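Some structures to go through are shown next.
Two complexes follow with subunit A in common, the first pairing it with subunit B and the second with subunit C.
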Partner chain A sequence: MQVIRFTALWCTSCLLMKSRWNTYFSSIKQAQITDIDFDDQNDICNLYKIGNILPVMIVLNEKKEEVLRIVGEKSLKELHLLLDEVLE
Partner chain B sequence: MKYLTKVFLFLLLISLFIPFTSKNVQAINQVNIYFFYDEACPHCYDEGLYLDELEITYPNIVVTRYEVASNPDNSQLFENVKAVFDTPSALTPYTVIGGVALVGYNDQISADIEKLIKRYSNNDYVDIFYKMMNDIPILNSDFDSIEIQPGDTIYIKYIGDINIDALSLFVAAIVVGIADGFNPCAMWVLIFLITMLLNQKNRKKSWILGITFLFTSALIYFLIMVAWLNIAIQVTTIVWIRIIIGLVALFFGGSHIIKFIKDSKKKDIGCEVTDQVQKKKLIDKIKKIVLEQKMFIALIGIITLAISVNLVELACSAGLPLLFTQILAYHHLSTVAYFGYILLYILFFLIDDLAIFIIAMITLKVTGISNKYSRISTIVGGIIMFVIGFLLIFFPAIIMFNF
Partner chain C sequence: MIYLDYSATTPVDPNVLDYFVETSKHFFGNPNSKHLLGIESENQIKQTSAKILSLLNMENSEVIYTSGATEANNLAIKGVANKYKNQGMHLITSPYEHSSTVASFSYLTNLGFEVEVLESRSDGLIDLAELKRKIRKDTILVSIALINSETGIVQPLEEISQIVRSNPTTIFHSDMTQAIGKIHVNANLVDLMTFAAHKFYGIKGIGALIRKNTVQLEPIIHGGTSTTSVRSGTPATPLILSLGKALECAYENFDDKFSHVVHLAEYLRNELTHCPNVFLNSTNDSVPHIINISLITVNSIALQNFLQRRGVYVSTQSACSSSNGYSQLIYKMTGDDLRAKSSIRISLSYLTSLQEVINFISIFKEEVQNASH
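Showing the complex of A and B:
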């Protein structure tokens, strides 16, 4: 599984979510994580059609198909609910 | 819009040079107290002693004593006064101050006497006893009540006497300042700046640049508020300007409330991507400043950044500070008090930014703030603006005398 996280340095929600993501992914080893800066890597953001709300997390399967998209702030509990099944 | 903002800023700048004219000159009135007593009555004796003390404490009071048991003229006068105040069966001690008659004597009455002295010392009042003695018609509106009124003071343990108006302005400065502080418009600049500063090895430089940014922001806000106050004081008596300001506040308050309702329907809370071109320019500017090797040039850069950010974001955040200054203008305060309230407002406006900066610099981690708080700030700010606008139009007396 590949996880792509879209954030921006100016985005307070992104900072908040980074810390929650780090907590969540500290126990999940099989995920390959890539961080994309919204301002510096705009071409990738356009490729994945990132909307106008940040942060965004996209989970891709082995075939590089999008299986899950999480937009905006989510609690750790919500992350578990959304991600646990997909990343199993 | 940019042209209008420039014109507005130019007018504000000009208004800084208008001589500051606060209407704070207020003489202390003479307060007349008419005390009806019976020499054989112990409560009258106690109140007499209390009035003696008050005469020392308050040199502006004049106590006139009428002994009613042995003096038939005073007794008749007492009956007349009781008839005027519609208290025919009242006994001594009986005290008349301004538009109030107090019957009996206990701790509450002594507190009421002092409260009335303070009220009438600083505000115009009608002396009903004087009117009665001089055959001047007494109007219903001449009667006063002992309930707390604007201008009164209340006693708070360990703090002392607090003026009700001052207390309400104090609370307003804190509440409106905090609501304004969570304004998301300029928050992203601070977050980005801190993130860049944390990546620098030179901690001292980071502290200096961060504090300079916050201090300059506060100074710009202060100058804008003082300039607006200067204008507001000149126009407080013009009714149509008050109504226009009220309508503008209703409009912006209403639009904040509508924005909050719209945002509540969105399922995803996060940072909205807007004005990317302007954002990109500011991001590049911040990077350049932080990476600048020469401290002096970096300082100039950070000061100009803070000035430009606060001026550009004025349209976004002007509503609350300008309305608060408008409220201040309706209160006749000293220049020092005006500045004090504005500084208090700015302190609470900056308190979240200061907390984020200091925590980040100490822990070396930028604390993210949920956009839920900016939503709360939107609705709180919107309601405050809407209510103030409504009061300015329909109940201006509440704003002017007892916010």
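Showing the complex of A and C:
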């Protein structure tokens, strides 16, 4: 599974989620994570149709198909609920 | 024109501008030069620093002049983090900060620092109990802005200071950019404070970080010692002197200016709360200078454009959004997507007249009417 995370340096929700992501992904070894800067990498943001709310996390399967999109702030519990099954 | 965006920036006070022009002519010597002209400039800067500290009732502190509040926030946050990283790498901030604070912390997370953002609440205040719980032995910095620029909500500085000081190795920084010139501030409650002149009728391009002498900082701009060891570069003497002048002017007739804004805000709030589909996002904890509202039938950018066409200037908040004026903060506070999409900030000044507010209300009500059809 590939995980793409879209954040901006000035975004409070992104800052908040970075620490939750770190906690969550510390135990997930098989995910390949790519971080994209909302301000500097417009082409990739456009490709994935990143909207107005940040951060965005997209999970792609082995065929590079989007299987999950998480937008905005989520609690650690919500991350587990949304991601555990997909990343299994 | 009805300018109601004084929290974004203020027009320069003519007295400040005159002072800037005069001092530009007289004190052009480089304050780093050791000849008489340089020493004169250096002395003027020293006198200005003493005046600023006196106006803010601060002792045992240094004024570090910067290009503005953004640089001052960067220097405070990165400067403390890099200087004290051997003591700890845990940093705390609030969810109500300016983008320059957030970006500084984001940068530090990329360097391995652990940054905790306090939970947001519907009242726009931080949870003091949560702050108390989160401060650890390795917490080297807590950075919380006194006033949120979007809603005008004032954080309880004294209580926050007490909590931070319960851990003697934690440094307390507060971005007071929206506070200086608007309210009286007890600057002694913090170790580091930030502000910029253009928010209180000074000139753009000059701000300051004030540090208690007990706090050390790692510079972010290197180039040798100037008037301070932590910010290199030839000091902009006339701008620095104009900052002192602007602060002095801001505190002249302060109570009268404040009362005038309170009166305007009461009138405006009362009128707005009687408009259909209008929600007040500012609270009773907000300064009277900032009134954040949502007209939920109109997108904030559309409302801003409508008002602009009628010569009225207000602002929208687009943090955490691209260009549609979506306010993440208002969403967090209210849980209401419509309010987040339609939030605008009206900011008042002692220069605002009651007639301007009345005219604004009249124009705004037209849009309320249009939007209801």
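In this section, the second predicted complex is superposed on the first by the 88 of 88 C-alpha atoms of A that agree within 3 Å, B and C clash if a C-alpha of one lies under 4 Å from a C-alpha of the other, contacts with A are read in each partner's own complex, and residues count from 1 in each chain.
The rule is simple: a residue touches a chain if its C-beta (ideal position, glycine included) is under 8 Å from a C-beta of that chain, and two chains touch if they have at least 3 such contacts.
Here the structure is a predicted model, which means the values were calculated and not measured.
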*Would subunit B and subunit C fit next to each other on subunit A once aligned, or clash?*
clash
*In the superposed arrangement, which partner chain does A:Val71 touch: subunit B (first), subunit C (second), both, or neither?*
first
*Which partner does A:Cys11 reach: the first (subunit B), the second (subunit C), both, or neither?*
both
*asked:* After superposing on the shared chain, does subunit C or subunit B touch more subunit A residues?
replied: B
*Between the stretches 27-35, 45-53 or 315-323, which region of subunit C is in steric conflict with subunit B after the superposition?*
315-323
*Residues of subunit A that lie at the interface with subunit B and also at the interface with subunit C*: 8-16, 18-19, 51-54, 73
*In the complex with subunit A, residue positions of subunit C that touch it*: 93, 95, 97, 99-100, 102-103, 105-107, 109, 114-117, 319-324, 326, 328-329, 332
*asked:* Using the touch definition from the top, list the residues of subunit A that touch subunit B in their complex.
replied: 8-19, 38-39, 51-55, 71-73
*In the complex, subunit A residues that touch subunit C*: 7-16, 18-19, 51-54, 73
*Interfacial residue positions of subunit B with respect to subunit A in the complex*: 184, 187-189, 191-192, 195-196, 266, 268-274, 279-280, 283, 366-372
